[in-house]
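Notes follow the structure.
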Amino acid sequence: MSEMKDMILEVAERMLADRVTKDVVDVLEKGDWAKDIWTLFKENGMVDVALSEEHGGAGGDLDDLLNLVRLTGKYAAPIPFAETTFANLLLETANLAAVDKIATYSLQEGLILQDDRISGTLQNVPWARYANYLVAFVKSNLGVQVALIDLGDVTIKPSCNLASEPRDTVILNNASATLSSVLSEEQILHVQSIETAFKIALMTGAIEKINDLSVQYSKEREQFGRPIHRFQLVQLQIAQLAGETAIAIAAFNNVCAAILANNYLHEIAYARIRFEDAITTVATVSHQLHAAIGTTHEYALHQYTRRLWSWRDEGTNCDFWSEHIADYLLNHDGKLWPYITKTAETVKS
Amino acid sequence: MSEMKDMILEVAERMLADRVTKDVVDVLEKGDWAKDIWTLFKENGMVDVALSEEHGGAGGDLDDLLNLVRLTGKYAAPIPFAETTFANLLLETANLAAVDKIATYSLQEGLILQDDRISGTLQNVPWARYANYLVAFVKSNLGVQVALIDLGDVTIKPSCNLASEPRDTVILNNASATLSSVLSEEQILHVQSIETAFKIALMTGAIEKINDLSVQYSKEREQFGRPIHRFQLVQLQIAQLAGETAIAIAAFNNVCAAILANNYLHEIAYARIRFEDAITTVATVSHQLHAAIGTTHEYALHQYTRRLWSWRDEGTNCDFWSEHIADYLLNHDGKLWPYITKTAETVKS
Amino acid sequence: MFQLPTVQFTEEQEAFRLEVRNFLQEHVEKGTFTPKCDSWLSGADPAFSKLIGEQGWIGMTWPKKYGGHERSTIDRYILTEEFLAIGAPVAAHWFADRQTGPLLLRYGTEEQKQFFLPKIAKGECYFAIGLSEPNSGSDLASVKTRAEKVEGGWIVNGQKIWTSNAHVCHYMVTLVRTSPFDGKNKHAGLSQLIIDLHAKGVTIAPIKFLTGEHHFNEVFFDDVFVPDDMVVGEIGNGWEQGLAELAFERSGPERILSTFPLLDELIQELKRQRNKEGLKQATKLLSQLWGLRNLSIGVAQLLESGNAKDVAIPASLVKAIGTKFEQSIPEIARLLVTTYPKLDAERKFDRYMAQSILHSPGFTIRGGTTEILFGMVAKGVVAR
Amino acid sequence: MFQLPTVQFTEEQEAFRLEVRNFLQEHVEKGTFTPKCDSWLSGADPAFSKLIGEQGWIGMTWPKKYGGHERSTIDRYILTEEFLAIGAPVAAHWFADRQTGPLLLRYGTEEQKQFFLPKIAKGECYFAIGLSEPNSGSDLASVKTRAEKVEGGWIVNGQKIWTSNAHVCHYMVTLVRTSPFDGKNKHAGLSQLIIDLHAKGVTIAPIKFLTGEHHFNEVFFDDVFVPDDMVVGEIGNGWEQGLAELAFERSGPERILSTFPLLDELIQELKRQRNKEGLKQATKLLSQLWGLRNLSIGVAQLLESGNAKDVAIPASLVKAIGTKFEQSIPEIARLLVTTYPKLDAERKFDRYMAQSILHSPGFTIRGGTTEILFGMVAKGVVAR
């Protein structure tokens, strides 16, 4: 954990808390986004956190960046922050220069490289309509490479996820690109795990916010003459939310610690798998606690539950990691406990 | 539903309620069983219910018998009633004469027929040590036949299930037997479904009893100065138990109705699959409601929860039926709704 | 208390089911409507409701002299199942058919029956249900909307909230306070009035659903005059009448089948993919549906035989367990078939997923929360 | 309130873990003990406890002058994990090590510390915990066992129940009422006494567990004399002292790992069967374990740094969620590997299944029911 962390995070949280009101989040539904908040993040160097200095970085470690991403999740900030910063990390991993404008990424299969030109269609690319660059995996007969593609003259069909976040179709037809050398399998897995860590950060933020909203509501709302938190069944709901929130935050913090210790793959995999239950429980229980009011557009709860419902099916998802772990277990001898405790057998990979 | 049903059931329930006390159920743990109750059932013709007259039957339909089995489940009667009556049905299906003494059965694979002699080992045969006859599937190169085997001079190793009910190992070494002709696949499936209906009957009875015990306890037990049923979290438990009990009883009654209507296979399959959840919920919730007292040997709850935990893994189980239904769905065209409503497509089989 | 009748459908009933099914299928193919999940709440289509009325499928169990068809509860059950299973837009006439008709038949005046029931049965007259108020939530007895007696009628002031489809309805059966609140007997002094939603002083304001859709409303009453002949039943008896009304809405197939179109697509996808392991796991959902349907049909049959007093507990159980089942379908479906849920997706499965996920928070809240229902069940069970 | 420290084990800690693991493995192979599920409650073996004491593995964190070893909380955490993961019979010394030691270190007199702690650390002196009484259940403040002051000590009359392993213990820390019950302040007037379980007037009667096993007891006190020097802490302060004692027992690995031997066998079976689909589904269990372990270790680290006041909520969460996890393992395992659970089965998997199923009802009850814990968590969260 870098020393600047507390300071950066404090500044960022203040900016978000002050500016990202319910109405600001809603602008996505009107086909707009929060350019001013993006500018502020950019001017404060937050978009460059965790980039190496040679790539124009502003210092800070990856866990600082992940904590910033968590905050954008906590406030549902309608800016392409996770996308741009991850795209730059992806460029860096591939030994390409970072970009200074809005970027998005895709790790999907679907782009083919032929004669240094790229063709193919990508579904559900986050923020593509607003992004200047797309950083994507492309496949050639050599293997997987990273391509930096200018989105200037590319066909983009707008669409959105359940939370009204831009998820666009990008159609490439012999597009030119800057290309990296071929990635190793290890590099690909690294990229997939860091992408997952970004999602974990976003989800952790949203879960925290849902928990806050729910506790607050349970104190304000009265039924049968008393605040609802006095009823045992509401207490059960509050406790379930507290449990999932505590587990999510601990999982996120351990992911950050594991990344710093450079032994992160299984920590990320298990955190991501665990978030499936967390999301179902948190979304279901928080809506039940809020009852009717929580189903209205006017109240903010859905801005977070809809994001959780969207994010869980995007990118490198739970199924990918279950599959990865199942393969790992099948191909490694030994009992379970040494593996869980990361002793005797190493789980680095 | 035959007219004699109400009368038989009333008599049987009175006998069981009067005689099968907690201590009587406990005799199994001391290596004994309730011979006197068996004699009573026998003398009252209950063991012969639903057998055809040519086989010495006492009248009554299969649903009468299933309701008797449900009662033996409700009182955890330590007698081989379900086993003997099912063994006789099995003989009848195979066109063999019913037997007049204690019988048990096995539908397991494992017995081989060679030169009219039977060899093989069967695990977990219910009540074998007390039974005079074993009715079992045997395999030859012709197919599956039903064998009636005298257990008089056969090696039996006693063992028991989680509920201390006799589940013995039977070792046959060139044993002689009365053999049926080869069963059709349809006959085998019929036998498996009726066996499952017997289990459903037993489980329904046990669930009813657990529900009764729990409601009663919630009225008697006080905490913090009031009966525990006044607490919302206990009400939640009571309601969960009521829900599973209502669903179990409705499922059982529909199984009986479907058997009488001779269109029972899917009804039995879905009832059995549904009982998996019912058992987990009923056992977990009832123990939680009872707290410490329910974990003691002295209190009767465990006599029923241990039976549910045992029965669910015995005989033609949930996995068999999920597999059967999955195959059915794969091999039949058409949408789901006509299948669920048993219209347009027929689900007879 | 858990013994319900079993039902084997007759040949006539099976034939009726097929008649409805074929009719609906035909209209899907014609493009009359697009199937979707949760269509009984979110699919309000007056043209479709008129079509259904023409078929004689509204007010099916009511006397012929009021425009009804004197069919059995089971026939109506079958009809409702078919609407929900295909995802037909029945929301416009839903509450009038399910609740207002039976209410008026039981408590209404002869004039009310003659005036309203035939119009409802034609699919031309829709009713909203005015129960909840801001801050009342599950505590319905805390109603504050008040009606004051004047010459020839009542003057109503106050506000209702969460009123489904009030913006397409003509009238609202409204629970109002006709005598001052009595802390010792909260249920006294309540009455039911039929309020013309186009009357002077009525304002309807949309409450957008979390998807942005408009199903719910706030309805404000500002000195609205309601003539005496629009009082339902007896003044002061509104609580009891309202409870009777609620019994009709607890155990119907709409508490089990709101996300059935998704379940259907799930099974179709698994069959297309020849995914036997997935089908095996899906049998668990089918077994839950099977079990709930047995229970729900049993309750309907018990109501048919007029044995309404044993119905309360199993009816509440159907709703409490059934709505959780509806809610669980998308959560399990996404584990069995890879999906990217999207409201405008090309693949039906992804579209139904999106509809189901976004609507599911409402299932266990509307018409009495699961918590309230479980409490009622427990109290009922303990009281025996 | 949910921010817990993360822990990366040091090389010394990893080495210690391996030392413990090898020692235990060796003794399994020698036949010193047979691994089983829920061994920390059901496996009382004084010979094994002495062996552990000889290793210096009881009272690990206590001062050396009292026979302790001045190791860290994390070392003790690692040790406990290894005991539970392999299923070692640590029940005899368990409560003395986990609760009595810390209690005496905090509230005991110098004489008490010198007399009891070294014996406990040797694995030769076992303590039972006397809290529950008939009809007290979750309402611990309703304690009725009373102590009356006499010359040089106290005369105790009353009864404790659910006392784990009292029949193998030497002493019991007993919560008694030393002043009459005050309805307005139920928690006042309670005190903790150390009662010699072999003293005159003490009767211990077994309460058979549902399997027939003997873990629990009723303990009766009939005019039992307890000398003044056996009072723990202050007279009248028993409630507060007791609560502090409970904090030590909430978040340990014994709330997560009681059925770990079964989980281990499940994964081994699935690997043997090359069942990848089953392993994929089992990763869900592993992810729950992983998440709970992060939380539990975080709480241990927070206790190590002395920051005990932030511990209550996460500690209760570990117990509430962890014990449900333990309970769920057999229910999920049987869906992935075909089993016939039997206490005397040949296959380990079937045996561990039987042990886990039969013991699991106790997990979410002992040491505070899930319901009570969830209520405490909610009240704590709301109070912030």
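Observations, loosely collected:
Lettered A, B, C and D in written order, each chain numbered from 1.
One rule holds for everything that comes next: contacts are C-beta pairs under 8 Å (C-beta built on N, C-alpha and C of every residue); 3 or more make two chains touch, one makes a residue touch a chain.
Model, not experiment: these values are computed from the prediction.
Of all chains in the assembly, those touching chain A and also chain D are B. Simply put, of A-B and B-D, more C-beta pairs touch at B-D. Distance between chain centres (mean CA atoms), chain A to chain B: 51 Å.
Here the CA centre of chain A is 39 Å from the CA centre of chain C. Contact of a single residue of chain C with at least two other chains is seen at positions 277, 371. Among the residues of chain B, those touching two or more other chains are numbered 232-233, 236. Listed in rising order, the residues of chain C touching chain B in the complex are 2-4, 6, 8, 14, 17-18, 21, 81, 85-86, 260, 263-264, 267-268, 270-271, 274, 276-277, 279-284, 286-295, 298, 313-314, 317, 320-321, 371, 373-375, 377-379, 381-382.
Residues of chain A that touch chain B in their complex: 231-233, 236. Touching chain C in their complex are the following residues of chain A: 29, 123-124, 159-162, 167, 221-224, 233, 280, 283-284, 287-288, 291-292, 294-298, 301-302, 305-306, 309-310, 313-314, 319. Per the touch definition, chain D reaches chain B in the complex via residues 132, 135, 137-139, 161-162, 207-212, 216, 327, 331, 334, 338-344, 354, 357-358, 361-362, 364-366, 369-371. Every residue of chain B that touches chain C in the complex is listed here, in rising order: 208, 215, 218-219, 229, 232, 234-236, 238-240, 242-243, 245-247, 249-251, 253-254, 256-257, 261, 267, 269-271, 273-274, 276-277, 321-323, 325-327, 329-330, 335-338, 340-341, 343-344.
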